[in-house]
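Next come two complexes built around chain A: one with chain B, the other with chain C.
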Partner chain A sequence: MLAYLARRLLQLVPVLLVASFLVFVAARLTPQDPAVVMAGGRQTSTAVLEAIRAKYHLDESVPSQYLRWMAGALLGDLGESYRLKQGVSAMIAARLPVSLQLIAMSVAIALLAAVPLGILAALRKGSWVDILATSLSLAALSSPVFLTGILGILLFSYTLGWLPALGSGRNFAENLRYLLMPSVALALNMLALSMRMTRSGMIEAMRRPYIQTAILKGLPRRTIVLKHALRNALLPLVTITGLQIGFLLSGTVLVEYTFGLGGLGSLLVNAIQTSDYPVVQGLTLFIVSAFLLINLLVDLLYGIIDPRIRQA
Partner chain B sequence: MSGLLSLRGLRVAFAGEGGAAMAVRGVDLELEGGEGLALVGESGSGKSATAKAILGLHDMSSTAVTGSVRFEGRELLELGEAELRSFRGRGASMVFQDPGTSFNPLLRMGEQVAEAFRSVAGLDRKAAREAALGLFSRLGIRDPVTRYAQYPHEFSGGMLQRMMILLALAGRPRLLVADEPTTALDVTVQAQVLLFLEELKEELGMAVLLVTHDMGIVAETSTRIAVMYAGRIVETGGTAEVLGSPAHPYTEALLEAMPRPGSRGTRLATILGLPPGVYEADSGCPFFPRCRHALASCMDGLPPSVEAGPGRKSACFRTHSLSLRGIA
Partner chain C sequence: MRRRPKAGRAVLLAASSLVALLCLGALLAPAIAPHPPQAIDLRSSFAPPSQDHPLGADKLGRDLLSRLLYGSRSTLLAALLVVASSTLLGTVLGLVSGYAGGLVDAMLSRIFDVLLAFPALLLALLIVASVGRGMANAVIALAVVYVPTIARLVRSLTLVESRLAYVEAAQALGYSSSRIVFVHIAPNVAPVVLVQSTIDFAYSILDLAALSFLGLGVQPPLADWGAMLAEGREYLLFAPSLAVAPGLAIMAAVIAFNLLGDGLQTRFDPGRRGA
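Coming up: the complex of A and B.
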């Protein structure tokens, strides 16, 4: 297992190298001149621009700039924002807790609702429970977060006054309240997808011969469903949840705007809009790394669930 | 001997896209205690659907099972889920076609075997573990404690099927339904598993309903045979008599299509055409289009099952006027 883990971590190195290079080059290909951005976008003398270029090593060749950036990145230094003159790593660190809590809460909400609902829908295939769950999931899949978010704000903040409409709290506990509505808005989509995955996985699993064996053993239905079928149905759900979490690292941006939250998503979009390249490339590299790690985690989880994969 | 199992007018229909798929179209079958009966027919003839109906294993939300299945005088089709649960494994049990998929791939083998002893035989956790380890030893598995913690993919197909048979017998049932138990196995292993099944049948005195498409293994395992075609039983009788001189043209054709010693180098006979589809309504004898003995009158109505000798029946209009070739 440890050897496997080491091998998998080593495999990440070339992927990260290629990804970082692509990220870096993509940022260089945008038409904005970084020096002009740093000068505030105003008309400036050539001498000032030259000075800025020299200070930030923008006069060097692209490969040498890349190496300089990567050397810093390996030590945790992702450079400095052109606009805010802050370290990119510090900016990410400041925004990360809200993003992580938002993602964790929405994944928890989605799975806690999706798995039981999916099981119920699968076992009562074609019943009103199934039809209701399946059609509601279609509705949830097709409503954008800014719509459900604003409807939520109108109902729970404006009319009922139960939950704060905007912003985040000062700590984790406060955020449980502040992030509840954004998490639910964010979770709806995932919930719908996971519910459908659980449903189809369960229907498929319940058809397998080993379920007939379990029935023959005279096991109670509960045991058959939870012990024999569910584990087999969970494998695809693990994959999709991993992908969703990776996507959410930056995909929370609409929710962040709707609820006035400062997470990674809005940081990235703001940086792109203001041509703040160090933030764009630093954050992108961070998200790519996180995505790869999540994928690795998913693969390890697969091995825990399925002995055939563990021993392969 | 008193009748153990009695099927009367058994019908199984699956809800399909083209309406009801009639897999079983009225099966009558008797099985005595301790008897070995082979249910034979080609793929799609309704053998497995019949077998599953006996154990109540069809998904009732999409399947209609009608007629009568009596086991020791008790009507099984009227049993509730709780009664069925206590019947399965104790009254009758079943072994499936592919041992590779009969076990849950994600659970340890020992746990899956012990689970049966806990549930069917009512043993506690410790006794069930002992019983499972005993089962491992009986199968000649070396180092049973280690193997107990292994997963299905770490066992051979033949071993898995033997385990499945023992596991199905944990509750000492009077009937074991074996649905193509050797089809998924290597030829060399097939014989071993059949022999194992035969030994257990003798030891426990249970009846065995062997579902198979392989005429070759019928002669070795079963005293009686029932030939199924397109959802119906077309011929029943003692194995030796039916194989020696079949009464139904379909049985004759099946026997001809069997590879035999001495037939090497000659073209293997086949049955031309296809059986009627599961959606097709009855019109005349279902075997009519493929039958070489057919007369125009065979298109009128379904042939009734008639006496064709002592303990034999055949559903052919011409049962008494034909003399068919069997295998010696």
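Coming up: the complex of A and C.
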């Protein structure tokens, strides 16, 4: 297991290196001159621009700038924002908690609803419960998160007045209320997909011979469904989790923008809109690394749940 | 729900009629829209639905229905461009990678690994940040994002196909590799690619709308569903239909293409009907 972990971690290194180079080059391909952006976009004398270029090492070659940036990144220093003159790492650290809480709440909501619904739909295949769940999941998969968010604001904030429409609270507990609607909006896509996976996995599992054996043995239906069938049905759910994390990370950008939350997603959008490239490249590198690491964790988890994978 | 062939056909029929309706609306927009999409008329600012403005008007008095109809043109055209280019490129790369194997396959696979290391929308955002905002750039960005998924799919199918007897027979007859790949293998992977590209069409409508919503795709005052939603969001309390109507239009289009993908999958792959 340790050797497997080490091998998988080593495989990540080249991917991350190439990805980081891609991120860096993408930020440098832009038509705007970073020195002009830093000077505030106004007409400035060449002397000032030269001074800015020298201070931020923009007069060096692209490979040497990349090496300087990567060396800093390895030590946790992602450079400084052009606009706010703050460290990018500090900006990420300040905004990370909101995004993390949003994602955690979404995953919890999605899985807690999807698994029971999927089991129910599978056991009552063809019934109205099944048809309703399947149709609603199509609607959820097809609705853009910002539409779901806007409809939620209209219904729960303006019409019913139950939940705050925009912004976040001052602490974790207050945030539970502020983040409820955003995390439901974000969760719907994952909920629908997981519900479908649980449903088809359960249908598949219930057809297997070992379930017949369990039924003939006279085991209670509860034990058969929850213990024998569900464990096998959940395997495909773990497989697509990587894909869903990608959806969630993309989704946070849209949800945070829709609900005016100060997380990583809205930081990225603001940075792109204002051409603040150190923030764009540092934040992208951070999110990609997190994405790769979470995917690795999911693979490891899969190995723990399904012993066949570890031996292969 | 066990879909009998009949039920499968019904889904396919409903989905294709919905898609046909969307295309018809887009094609006939100049003929059926009551107003030009950019026509400003400040006297009917935020006008409620009436005979003249069936769905009302926005802040500048532009007719909402007309803008929705014209908006479907840019949405569908952009999604078509994304899907056509990514499917073409992805299929060719996947076929080559799967059949050639060796160094070519290894290099292409590593490139796809790196691209897939980015969450989809994040890669699109990065590309747009680098080449600049606008509809053409959003289309290019999403096309790049979609290529590796298609290429991986086609590669795995090609690996399976190239071990089958008909490929061996073609090799024994001395056909060139390009003939075997493009004449013999390609038609056999086409159904799966068609299903995938239909589903990608649904996703690209969503992703394009997302980019426009963030102000990085189609730029106002052009009529586009994502951009209209972003504009309408400012008057959400005052005139909710300005944001909700284009949102529902996006959702309807995505449902249509998702259903079409489901229907086609059932049609081409009877083994998966039960699931």
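The definition used in the following text is that the second predicted complex is superposed on the first by the 308 of 312 C-alpha atoms of A that agree within 3 Å, B and C clash if a C-alpha of one lies under 4 Å from a C-alpha of the other, contacts with A are read in each partner's own complex, and residues count from 1 in each chain.
Basically, contacts are C-beta pairs under 8 Å (C-beta built on N, C-alpha and C of every residue); 3 or more make two chains touch, one makes a residue touch a chain.
Predicted, not measured: the structure shown is a model, and the values here were computed from it.
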Partners on chain A (chain B, chain C) - clash or fit
fit
Go through the superposed model and pick first if A:217 touches only chain B, second if only chain C, both, or neither.
first
Check whether A:208 is in contact with chain B, with chain C, with both or with neither, and answer first, second, both or neither.
first
Once chain A of both complexes is superposed, is A:27 in touch with chain B (first), chain C (second), both, or neither?
second
Chain B versus chain C as contact partner of A:249, first or second or both or neither:
second
Identify the partner contact of A:232: answer first if only chain B is touched, second if only chain C is, both if each is, neither if none is.
first
Between chain B (first) and chain C (second), which, if any, makes contact with A:287: first, second, both or neither?
second
Included angle at chain A between vectors to chain C and chain B, based on C-alpha centres and rounded to the nearest 10 degrees:
80
Could you tell me if A:126 is touching chain B, chain C, both of them or neither one (first, second, both, neither)?
both
After lining up the shared chain so the two structures overlap, which partner does A:52 touch, if you call chain B first and chain C second: first, second, both or neither?
neither
Between chain B and chain C, whom does A:151 touch in the aligned arrangement: first, second, both, or neither?
second
Looking at chain A, which partner touches more of its residues: chain C or chain B?
C
Enter the shortest inter-chain Cα distance between chain B and chain C once the structures share a common frame, rounded to whole Å.
5
Taking the contacts chain A makes with chain B in one complex and with chain C in the other, which residues are shared?
125-126
Counting only contacts in the complex, chain A reaches chain B at residues 125-126, 208-210, 212-221, 227-228, 231-232, 305-308, 311
The chain C residues in contact with chain A across the complex are 1-2, 110, 113-114, 117-122, 125-132, 202, 206, 209-210, 213-216, 229, 233, 236-237, 240, 243-244, 247-248, 250-251, 254-255, 258-259, 274-275
Quick one: in the complex, what on chain A touches chain C?
14-16, 18-19, 22-23, 26-27, 29-31, 125-126, 130-131, 134, 138-139, 141-144, 146-147, 150-151, 153-154, 158, 200, 203-204, 245-247, 249-250, 253-254, 257-258, 268-269, 272-273, 277, 280, 284, 287-288, 291-292
Taking the touch rule as given, give the residues of chain B at its contact with chain A in the complex, in rising order.
55, 57, 61, 81, 85-86, 88-90, 93-94, 96-98, 101-107, 112, 115-116, 119-120, 151, 153-154, 164, 167-168, 170-171
